[in-house]
């Protein structure tokens, strides 16, 4: 009897298995019958902050070929330099700070100018008491101020660090494009740490025994590091952060002395920067733009909100990393007209408030109908239609799109697909009268944003434009 | 005993399974030892036509990363607007009609001009009796005449409709490039319906419970549609086509009143079109070219037939969708010299007649040796060599290639690989005499087409050129 | 009892299986905890040489998406023309010879000029006694001299042959980019033979019954070949190499009479070549460059060695095939400073001597720590850091990189990531004093190469530049 039941359980296992196998042989990772608002699945705690990682094996993230993480850096927290194997697009959801990237082969264009302008230079470069006696002046690559709304493009393999200069936490969300050809490894996000470590390990990775994740120097023999850096063995061991349990976000003691430009708007003229012959190229390529300035919005309706897009026409480096972004901010009862992404998957992250979303798949099924609220993530795959209605005072979100020039198609409105169809197609397609078809085509005069509760009588076409 | 046999059957299952699994771990989908002429596996019937779908899981289609469908639209049939998640290249195999695409953000450049030229305009825009009283004039995006031989490029996410204006069925075949980076979902073709529905469901998809496929509006709540379009709830419900069982190809009652340009050759000057500032870009990009005009053939031999290619030099939008096409038409006993595709897979669809094909794989094995006839499909994967000989009065076909600039290499003929090799390589490689090698190199003077039964004595090189 | 143990073994099998299956569903082919120096797994013997194939299923090769082969062509050996379905980058590790490629549609620009300059032309074109009586002059596509250090780019589907003119073996190593979009088949390397055969079959392929691999002509019916080439049936059968057991590298009997240009440095002026209107394009695109000339090195230190890179700025065709190369040659005790590839996988092949390598993965684990010596291969995946120290008199290697413009980031040295970081990031990140941080940043003044055993006292920063 026991054997029979064993056999039975085997059969079942095998059936389940075979089913999975069949599904696998013809991968159908975008057969999404149900979407969910996603929250982080793993939290990596550090001394001065935490990294929250979304499970990139979640069906909607697998389908869209990306992974997602949120970095919460406390005041005076320093996210130590690391790089990843993918193109990355980040958005500063909250706070302000400093960001540095080290691009290989580029010159250290930020130099302490204390010799030339002793008073002023000293003021910008503080916290290095030692340079007093040795006349030492630091120099390093570009450091940039970042603040809420900044969207930051990072190419694969480029080390990046963040420092929180403000009082409130600095919150950065990042999308990693696993499916792009720029990721030459498998479809896993892999941060490489230059400093610090991650005692919890890369918990999001499967198929590997998980121990703590150490920094790169840990993997080399100390004597190799000593030889390479021409330093003593003790300092070499120090570079390995072996005894360090602060994680990858550490608290800075005392002032954080880096050479920094004045805040935006008071930026020095470009001519003042030291030239290295590479400046016209990748070294000086702009990689940050702010999407929170309504004066630069692409769609703006004072009563309803605004939308801003960032694509490779705005920020040419996006052509290289093949990602783009959209920032939206709408008020209570505003509706983003139903639309679909023609050539991209969209990863939508809510920064403030909440909204009601409906998402429809290729089969005409509603695969999502619910609330998304601050801190949640949802994917809108290519071709899936979505409508958004704010259900709080303010609903603000950022969408990362897997195309340098993502195109949307609206279903309703002045630039919509229905507007582009001849009346005869609409009357025959939906079996409605020409009068009804005219209303379908012309009643909504807005392009993207409208009131989710409009005037009562929609019966006749309005003749004014919005 | 029963248990033992159970165990045995388990073992066998598991073995089969393990074998499949191993094959899967190192996918070998192009280990093709046998090709077949393929016919449609699914037929979706509609009121005024049918859609015939090839099984994209067939080994040769999986290897080439494409799917394929044939649209048969009866007289007065309207293929309702839909879009797909992939780049698409279509060929009009038979008939004539109208085609419209709605490109997001582009202006409605087709407007009824009845006010300015009342008599003439009215003639072009008929069947909308209602506009008489309201002075209403429709406007919509570009509508184009299509006819047999037209090759139509469509970008992902762009809605498209067809209307059969002629008396005979309008037959369109389309290839969908699943493997391209422009498809950001999995490797399944997914039509999204704007209108109409598909009661049989997406039968070609695996791993999903199949119900009827509805249009996009069906997935939204009617009140959302009413709000978005500012229409009443009843019209909103009408947009969902829920009670509609006409499928996706419907019969137009009465005249089909769209604004249309004169037939080709009488096209208005470009200057007459309304400008919207986007016209120089994707909005006015040419996406149709005709391959059936022998006067534009790339290879033409009056006694044998002609070949026409369409690549991104002819039609720049192909650079974007990364597909190209070749149209061939040869007479009885004509032979297309053996050749291979250097940088593309080719999907060959027979539009008329039949031919004898031999296809050879990388192992030197003949993987196909047989007839292909009208309505059949066969794949010639990258590098595989193929020779075609017409066996009916006329053999006509279209080849879709998965590269914007597919290159062929011929084995024999004036521009062939053998011609490019030094004699010494040929004599040593095949152990033949220099005299024989000269005949191999120089006897065939044609480049692509030749008689499949030539003169009896091939012994001496001919000194005239063909 | 037997049944119980059967069940047990089943359970275990199934568990192993399920484990493998899970790993598969989320492919983790770059979860590399251990790298190995790889040697060829298959040897295909021919009359005048051998082809050594690395198993492309080895984890590190699967992760990097390439396959690798070594061609050893004996003196007077002719590697018969073949093509592959992938882009290919080759390096001549030893010897010298001739190389020919046949690019479809390009003209036979190499012609015997004996009529115009009877004496001189005859000297260049020897071994074809027959042309005396018939005034026959051969013509064929470009033939190039190749020699040790030459790096050769080949596009997919283009037939190529090699001939060893020297006394020592001609050794060529090639990397095949399976993961690139230019390979439109599955991830297997597939040589297609125009002549010759391979009696051992494509042993590196799984999932197919392995018989001998024949040439393309073998797959066609002899009567088809006779018709296509307008030759007799006997010659057609001869083209099939059916009775031939020489393999794909054959010994040339007598002189090898091809039209060849003078050796490099005495190349005729470009004007002398016959024009065909395509010459400015792919037909005349340069595809060979030599990396063994120290006078063209990118990094050169007389006491230590040199490094030369070849990317798409040097050889524009690399932009198309998306591969690049690096040639390194260092002396005993020289060290290549630790570095990682930002945007590429690197396949490192040792041509001479041996070295000690340490490679570190994303987890900070040392995944390789050992010797690599002549003839061995090792992969350094994207982002993985590597340090190399010569342990023989001379260590020379070539690295193939899966990006047309592969970028490296050094950890130490004058253009390193540490140099680009502000001091405050280093002091806080590694918990070291500003004095120590300065030494870490500034002590190593070289960019790429240094002595692996430096001066004893590293304590104070040096003020001179190297």
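Note that the chains are named A, B and C in the order they appear, and that numbering of residues resets to 1 at the start of each chain.
Simple rule for what comes next: a residue touches a chain if its C-beta (ideal position, glycine included) is under 8 Å from a C-beta of that chain, and two chains touch if they have at least 3 such contacts.
Here the structure is a predicted model, which means the values were calculated and not measured.
**Student:** Starting at chain A, how many touching-chain steps does it take at least to reach chain C?
**Tutor:** 1
**Student:** Shared numbers divided by all numbers used: is that above or below half for chain A and chain B, i.e. same or different?
**Tutor:** The interface of chain A with chain B is built from mostly unshared positions.
**Student:** Distance between chain A and chain B based on Cα centroids, please, to the nearest Å.
**Tutor:** 37
**Student:** When you check chain C against every other chain, which residues touch at least two of them?
**Tutor:** 3, 7, 10, 14, 21, 24, 181, in rising order.
**Student:** Spell out the part of chain C that touches chain A in their complex, as residue ranges.
**Tutor:** Listed in rising order, the residues are 3-4, 7, 10, 14, 18, 21-31, 33, 63-65, 179, 181, 335, 337-338, 340-345, 358-367, 369, 381-383, 385, 387, 389, 402-403, 407-413, 415, 417-426, 428-432, 434-436, 438-440, 443-444, 450-455, 458-459.
**Student:** Across the complex, what residues on chain C touch chain B?
**Tutor:** 3, 6-7, 10, 13-14, 17, 20-21, 24, 57, 62, 78, 80-81, 83-85, 100, 102-106, 108, 110, 127-128, 130-131, 136, 138, 140-141, 143, 155-159, 161, 163, 181-188, 190-197, 201-202, 205-209, 211, 213-221, 224-232, 235, 238-239, 241, 244, 250, 252-253, 256-259
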